[in-house]
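Two complexes come next, and they have one chain in common, chain A, joined by chain B in the first and chain C in the second.
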Partner chain A sequence: MGQTGWIFDINRCIGCHACTIACATWNGTDSVFWRPVARIEQGTYPDVVIRNLSMPCRHCADAPCMQACPVKARSERASDGVVLVDQGTCVGGTLCFWACPFGVPKIGPEGKMSKCTYCDNRPDGLPRACEEVCPTKAIVSGDLEAIEPIARQRGAERVGGPARPALFLVR
Partner chain B sequence: MIGTAGLAETLERLKGAQMTPGICYVCPFNCPTEVYTRAGKIVYIKGNQTSPNQGSRCIKGQASHYLPTDPERLQYPMRRVAPGKFERISWNAAFDLIAEKLTKIKQQWGPESVVYLWHIDPNSVFAQVFLTQCYGTPNYYGHTSACEQDRRLAVLSVFGHPFPVRDYERSRYIMLWGINQLGANQNIFESIGLNAALSQGAKLVYVDPAFTTTASKAHEWIPIQPGTDGAMALAMTWVIVEERLYDEPFVRQWCHGFDELRAHLRERAYTPEWAEPICQVPAATIHRLAREFATTKPAIAETFKGLGNYANGLDASRTVYILNALTGNVDGPGNLVLKEWAPLKSPIEIPAAKQARIERPPLHVAMGYPLAPDLPTQLLPEAVLEGRPYPVKAIFFQCTNPAMSEPNTARYLEMLRALEFSVAIDVYMSETANECHLALPEASFYERAEVRQGLWMGPQAILSVPAVPPMGEAKPLYEIVRGIAERMGYGEEFRWSSWEDWARRIVGALPVGLDDVKREGHWVGPLRYHKYRETPLGTPTGKIELYATGFAQHGYNPLPEWREPKVQPDAAYPFRLINTKLDVHCNLTTQNNPILMNLVGENWVEMNPRDAAPLGIRDGDRVELESPLGKATIQVRLREGMRPGVVSVRHGHGFGHWMGKVPKGRGTHINPLIDTNVNPISGGIGYNECQVRIRKV
Partner chain C sequence: MTRMTLFWILIPLFIGALFVGLYRNLFVKLGVILGASGRFIPFQSLDAAALGRAYADEVVVQRRIRLRGRLPWARHMLISWGFSVLFVFDVLTALLTKYLPSEPFMAGNGGWLFLKFGLNLSGMVLLVGLVVALGRGAKAAGTEEARFNDMPGAAFLLAVVVTWFIAVAMHFANLRPDPSRGWALLGHWLGEAIRGGAPYGAAYSFFWISHALLASAFLAYLGWSRMIHIFAAPLGRIFYHQPAIRDAKVRGVMEGLLRPRGGRS
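The block that comes next holds the complex of A and B.
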């Protein structure tokens, strides 16, 4: 299996936050939200648009958080590129937060950094917790090569940048 | 890679948990769920994957695992000893007191002086049987007048059906009037269908003064002048009739009153040109939408509280349903579906010899609202305080908090404090419970069994197995009613050794047994469309009624008319205040959940920047809203997606002392600003009949 990641469809997302809480419930993180949702309203009455963004870790292929961590608490899983934080090694340095172009890492109640683990305890082939609950099917997970046809069909493009986030975005 | 086969078993293994089927009761749409429990604690919950609800689940239901562990829940029967002061008593003492009071009140005032109110109706059938068949009061009521009173009466009069549901997924043209399907974040299984329809290229037109989540997904947003949807709908009806765009064979065969409707529309000249200045929607747009709606099939025109929140909402809603009827969009794929019910039976049988005789008409009839589908609750204070139409001396409040949910709050508190006897059955010590003589702890929906109708399009029974034991001494409603019934001579009838006994009676007419329903969490019958072709509808003529014969029989106009909203902004109070929902909370029930309160801890008022600027108001300021009835301070959010002249408050927050530490002092309760204005036929509450002035504080 190659690099694994996401499709996210801004057009479909209704900003309902079901993914936020499904993730928090599955992973037992209470109010530390690994998948926050933002709502952006633009335009002038009556020509208004709202866009909603549900933003997990992008599991970047060249993750700056990994390079920034001074105690090497972050690693990239060889099988699929999922970026994980070792809670035992982490000292809460927060350098990963500053390095991440997307502001993903969260500080947990014990002062350690935590983030999306791509539901690492769910086997392949099962939907991720966020994906499972989404009522608009705005979230798709999987091996990037395998989900690329779906991305193309929905008009999604791979998000660019030197970190190489594993994310196709439908705008 | 979305594989759902074996998903539940895999999740069970991953969590070391056992899965039991459940029903979510945060909102009234009751998604069937899977509840994963390990060592007496709920470790995960998700939507039931095998039911046609497609695993539906929202943030509110997902976060509800907090409820069985919330230490601030009502855990013991509490008796009021002084205003705001309660002492704990035993269940035996509570049951004895209730039996004693009910007996005394019946002797002195008659059983009809006892009223029972529910909001969401978990297991309420037990209370209904006991009160109406054993005790003898007809006054068993729900919350419809605060919710969908106008819609309910509109669909009953047009289709003879109380609860049409929406087959969005197969629809090609969907016109939503004042129903924020995607933003109110309830009936998620229908939202899934709407999203699927949009993915397949269906057109969505959305009518609402506010640019809601649903508006953001619509192809067209019609920012209508609030409370004028009836005029626009009548004008669309005029176009469809005059341009002969209606489905003539369908109307001829299945509808009653077309000639009368056409004559009425002509006589009143309800044209798009007439509607334009009223609605502030161009006549050309009304013409075009009427033509599009009538010629794109299958189609749905639907409404909910956005119209019902005005005193003119009944006729406006009826007209929206008439649009469906004229175009043949009834009970077919991609239409409003006249939901078929599962053949469920009552859990309790009262033999004829022990049935109470009901001596007086129900309150809503005696109040002069014979067609009201549910009690006009805004008129209840008169019955308690002035004995009109007849005295009400005792009220049960089950899972309902009218001290917060009803408008004209001051009058409602006055009523609560004047009751001879009042009992709250709730999971929290709510504002209403705090005014009652007794507050009884009800078991949460994870702690009780339930068998009831599901709300999917076809026949569906859904079932909940208790996942964890009740907290403290909380009891499911069936145990509470049993305790009262036993002391009042009906112990024989309210007898079971386990909940499966009565559950077996409920599902007795299904083609499967209780064990099958327990395993799946639900039973589903075949989905049938166009049922009116086989069975006459529940209207007086048996047909779809464009002309409401039931209305005519009661002296009401059987054809829909245009009337302005009762309250209009003016120079002194220049803004209309409308109400809407938070998508992260459910009305008044979730504000003690710290997870949800971390996301949205306060409610707010939304205002257009061009209204705010002359008043010196900036985004995030605190402002004072003042109506002729009262004032309140609230935070403001400016947004372009709001019709100028209109301000919108997110309903639900603003708890003073009660319901625990989490919401205390957070948010603003604006119901005290809204006066009593009800629809004259349905008694539905006009929450948007409110004018305010605004100043920065």
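The block that comes next holds the complex of A and C.
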């Protein structure tokens, strides 16, 4: 298996936050949301649109959070490129949050950083909790090579940048 | 090579290792942050009041550790405050004894008693915290909780503190009894307890040099271990409590992502 990642379709997202809740429920993160939905208003009156952007970890191929961690608490799983945090080693310095181009890592109430684990505790064959619950199918997860045809079909582009985030985005 | 020559070679090496560790494991990381996200972080929006509140919450009362439980919080408070106050008193003592006559401090002049009291009280606080931490760590060995304990760091610091108390006790035992040394608390009590074996010559030198080397080695260790959180956690967290800066960073990312490819700068 190669690098895993996401397709996110902004045009399909209705901002219902079902993915946020499903993620928190499945992973038991309580009030720490690994997949918040950010909302932004664009344009000027009367041509104004509200757009929603689900903001999970993009499991970047060159993750700046890994480079920024002073205690090397972060690692990239060789099998699928998923970036993980070792809670035992993490000292909660929040440097990963500041380094992440997307501001993804969250500090928990007990002072450890946490973020999307790509639902590594899901039984084989089940989609990610966020993907499963999304009513408009705005989220697709999987091996980047496997989901690339779907991304092309939807007109998604791979998000660029030095971190090489594993994300196809339909704008 | 004499023992003291080795001592004067090792001390600067250890202090240098601290600065190299801080450079490699903290300042280089801060460079990564500024390189990756610096343009999204509006430092000019810094809220000084929020900064102060975050410092009080995260550093002074350590609320997040309190949420883990009373015991983890109590031992972390004892260790962090014991260590911090002891460090301040150590520096103060070193400066005062270097630039002012050291004899009043060593022999027990009333004006210098606060140094003895401060050093020993904070040392005792640190000692209690470390003993509790190591006891708790030993009890948790092999369990899931053990992953969160920094046993090597705690054991290292305990060695620094214990050698210091032994050296102080031997030093006091070598001097004539002086009631004012009662302010030295544990150092004084231990000194009186071992007075029968005085004078301590070689043993005192051994513990004093051991303490000095261990303390310097511990400073070096700070920059290369989980102990670096002493510097990284307060710094990162007080900035994390800046909603305006955090929101602006996320907004900057969103606007960048939503911009059509052709429109990117």
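In this text, the second predicted complex is superposed on the first by the 166 of 171 C-alpha atoms of A that agree within 3 Å, B and C clash if a C-alpha of one lies under 4 Å from a C-alpha of the other, contacts with A are read in each partner's own complex, and residues count from 1 in each chain.
The criterion applied here is as follows: contacts are C-beta pairs under 8 Å (C-beta built on N, C-alpha and C of every residue); 3 or more make two chains touch, one makes a residue touch a chain.
Just so it is clear, the model here is predicted, and its values are computed rather than measured.
The superposed arrangement places chain B and chain C next to each other on chain A without a clash.
Rounded to the nearest 10, the angle at the Cα centre of chain A between the centres of chain B and chain C is 120 degrees. In the superposition on chain A, no contact is made by A:R152 with either chain B or chain C.
In the superposition on chain A, A:E41 contacts chain B only, with no contact to chain C.
When the two complexes are overlaid on their common chain A, residue A:V133 makes contact with chain B while staying clear of chain C.
Of the two partner chains, chain C is the only one that A:G103 touches; chain B does not reach it. For the pair chain B and chain C, the least inter-chain C-alpha distance in the overlaid model is 14 Å.
Residues of chain A that lie in the contact sets of both chain B and chain C are absent, per the superposition on chain A. Of all the residues in chain A, the ones that touch chain C in their complex are 10, 38, 40, 42, 51, 53, 55, 64, 67-71, 86-89, 91-95, 97-103, 107, 109-111, 157, 159, 162-163, 169, 171.
Across the interface of their complex, chain A is touched by residues 25-26, 29-30, 32-33, 35-37, 40-41, 64-65, 67-68, 147-148, 225-226, 228-229, 232-233, 235-237, 239-240, 246, 249-251, 253-255, 257-258, 260-261 of chain C.
The touching residues of chain B, when paired with chain A in their complex, are 1-3, 7, 10, 14, 43-47, 55-59, 62-63, 65, 182-183, 185, 188, 191-192, 195, 199, 211, 213, 215-217, 221, 223, 583-584, 594-595, 598-599, 608, 610, 639-644.
Note for the complex: chain A touches chain B at residues 12, 14-18, 20-22, 24-26, 28, 30-31, 41, 43-46, 48-50, 121-127, 131-133, 135-137, 141-142, 146-147.
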